[in-house]
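After the structure tokens below, expect a handful of questions from me.
Residue numbering begins at 1 within each chain, and the chains themselves are lettered A, B, C and D in the order written.
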């Protein structure tokens, strides 16, 4: 007797949704979060390659999905009683190879350090295991007024076990 | 005895890849192609909603994945002996509701008509079945020099069965 | 006897600023507002031409500068006692020619009609007088909650004399 | 007796064009090139501020206008007998303050070093003299095949006198 992946009573559409979510959200591999990203027309420039600022957007998608994977979503953070948001204060990117239209890239994200309001994050964009770009990112927790604030204790508790 | 979804000899990474591709590529439902798209920071504007030109990028992703689903990729089309590309000549979008950060949207794409160099495409962006935006798009086939040209016979043969 | 454009007592920096503002803000020619826009790397795609959604951004810049030329700025509108914003509900663009990196384009914007919450706007992007793209845009006035609302009387009074 | 800025015989349209070009192209102040940039809807995100990757685009506009100010344009460089392009290999940005919709920013760009294929560039984005973001950028000269190549002697000769 087989054990179907999903109970027979779950309609096909719901099964599809679950798989979609797995890909859209990315997945955790050890301390690293990995997200697949497709390169579209919008990401390229007239040299035929991916525009360098597009990788900056891809890195941001990776950080967003890392946070979502532990239950932290931007809109929810801003809606807290003590509203907070994450602001990038430093971004150091090394571009190593060029990606092209139609490529499927993978964004790897790891939280490295937390101290007061500051967090350090290491990121990497790969194409089939080949390094395309690396980033070291410093992010600070800010209030809805834009001033830096110590990371709320519950958020710190959520993120601490993920530190690499 | 169970029948695993994928043979035991297929490594986990490969299984993941197959599912990722299903989501990244979207899927065909009848004559329609459907692609899931996540709303990120980059897609929003200072009103807190999705910037209207972001939907135009989402529609383009939908058309690209529709074409990929029948084996047509932009880079390959330009690399043909008779290079061709698709250029948008008209885009008529009706914006009905607003999407927000973190939303998962679905882009539905259907080829409606082909005649000479011209193709008409109907598209829709939904959030859980609710209409966000609708587009009627006219696309023409052009050479690598930018002049309109009749759609190559093999491409027309590929696309014709998909006409709604 | 000539009249110098700026009195000798105005410092160089201020003169530069005034001229910059004239170009950054664009200028009114009859009922039309005209704004110069430079094409950058970020606006192109891998075909070597301007990405079609970039024109949608250029049109938006044109509408923004049209409004600024009569004293209406987005942030100020949202900060009113009766906060309001302009939301695009329909965008119908015809793409006629392709622009390229380094081109200087001109966005022409004219308000055509106002009725209740709705406004109709005609726009055109040209390169040295040659048509690149035309747009018919429908915009509605919304509250900060996103519901359509009749254009406030003072805004209507400001915009009415500009109708083409 | 004053000398009018433009001779009386120059038609109004040409005068306007010259001024537009001065603003669109930016201007050199000592070793630094300065370019004014307006913040539009497209540059902001749902927090109400400028999206961090937008500054990366602004920095690129600054480098492009720096190069244009010495006669180097991207499309012309690619059209040379020995085609070349500039690729960003490292981008280190420190974000210090936030810009908002409608702000007029100034991008300051200075070439710092040239050695073989590599160039180092320092950039700064200011709002009325207040620092918004700083960038250290490493760029390499590449062929149209994407391989690094020593900067052509004529380009090096053009850029050398501008080194800070």
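Heads up, the rule we're going with is that contacts are C-beta pairs under 8 Å (C-beta built on N, C-alpha and C of every residue); 3 or more make two chains touch, one makes a residue touch a chain.
Since we're looking at a predicted model, the values are computed, not measured.
Undergrad: What are the chains that chain C and chain D both touch?
TA: Chains in contact with chain C as well as chain D: A, B.
Undergrad: Copies chain A and chain C touch; is their interface built from the same residue numbers (over half shared) or different ones?
TA: Over half of the interface numbering overlaps between copies: same.
Undergrad: By mean C-alpha position, what chain is farthest away from chain C?
TA: In terms of C-alpha centroids, the chain at the greatest distance from chain C is A.
Undergrad: Counting only Cα atoms for the centres, state how far chain B is from chain C in Å.
TA: Chain B and chain C have C-alpha centres separated by 30 Å.
Undergrad: Counting in whole Å, what is the centre-to-centre distance of chain B and chain D, each centre being its mean C-alpha position?
TA: 35
Undergrad: Indicate the residues of chain D shared as contacts by at least two other chains.
TA: If we look for residues of chain D contacting two or more partner chains, we find 41-42, 46-47, 49, 53, 57, 60, 74-75, 100-101.
Undergrad: Help me check something: in the complex, which residues belonging to chain B touch chain A?
TA: Checking each residue of chain B against chain A gives 1-3, 5, 16, 19-24, 27, 36, 38, 40-42, 57, 60-61, 64, 68, 73-75, 100-102, 104.
Undergrad: Looking at the complex, which residues from chain D come into contact with chain B?
TA: 41-42, 44-49, 51, 53, 100-101
Undergrad: Please give the residue numbers of chain B that touch chain C in the complex, ascending.
TA: My answer: residues 46-47, 49, 52-53, 56-57, 60, 74-75, 78, 85, 87-96, 98, 146.
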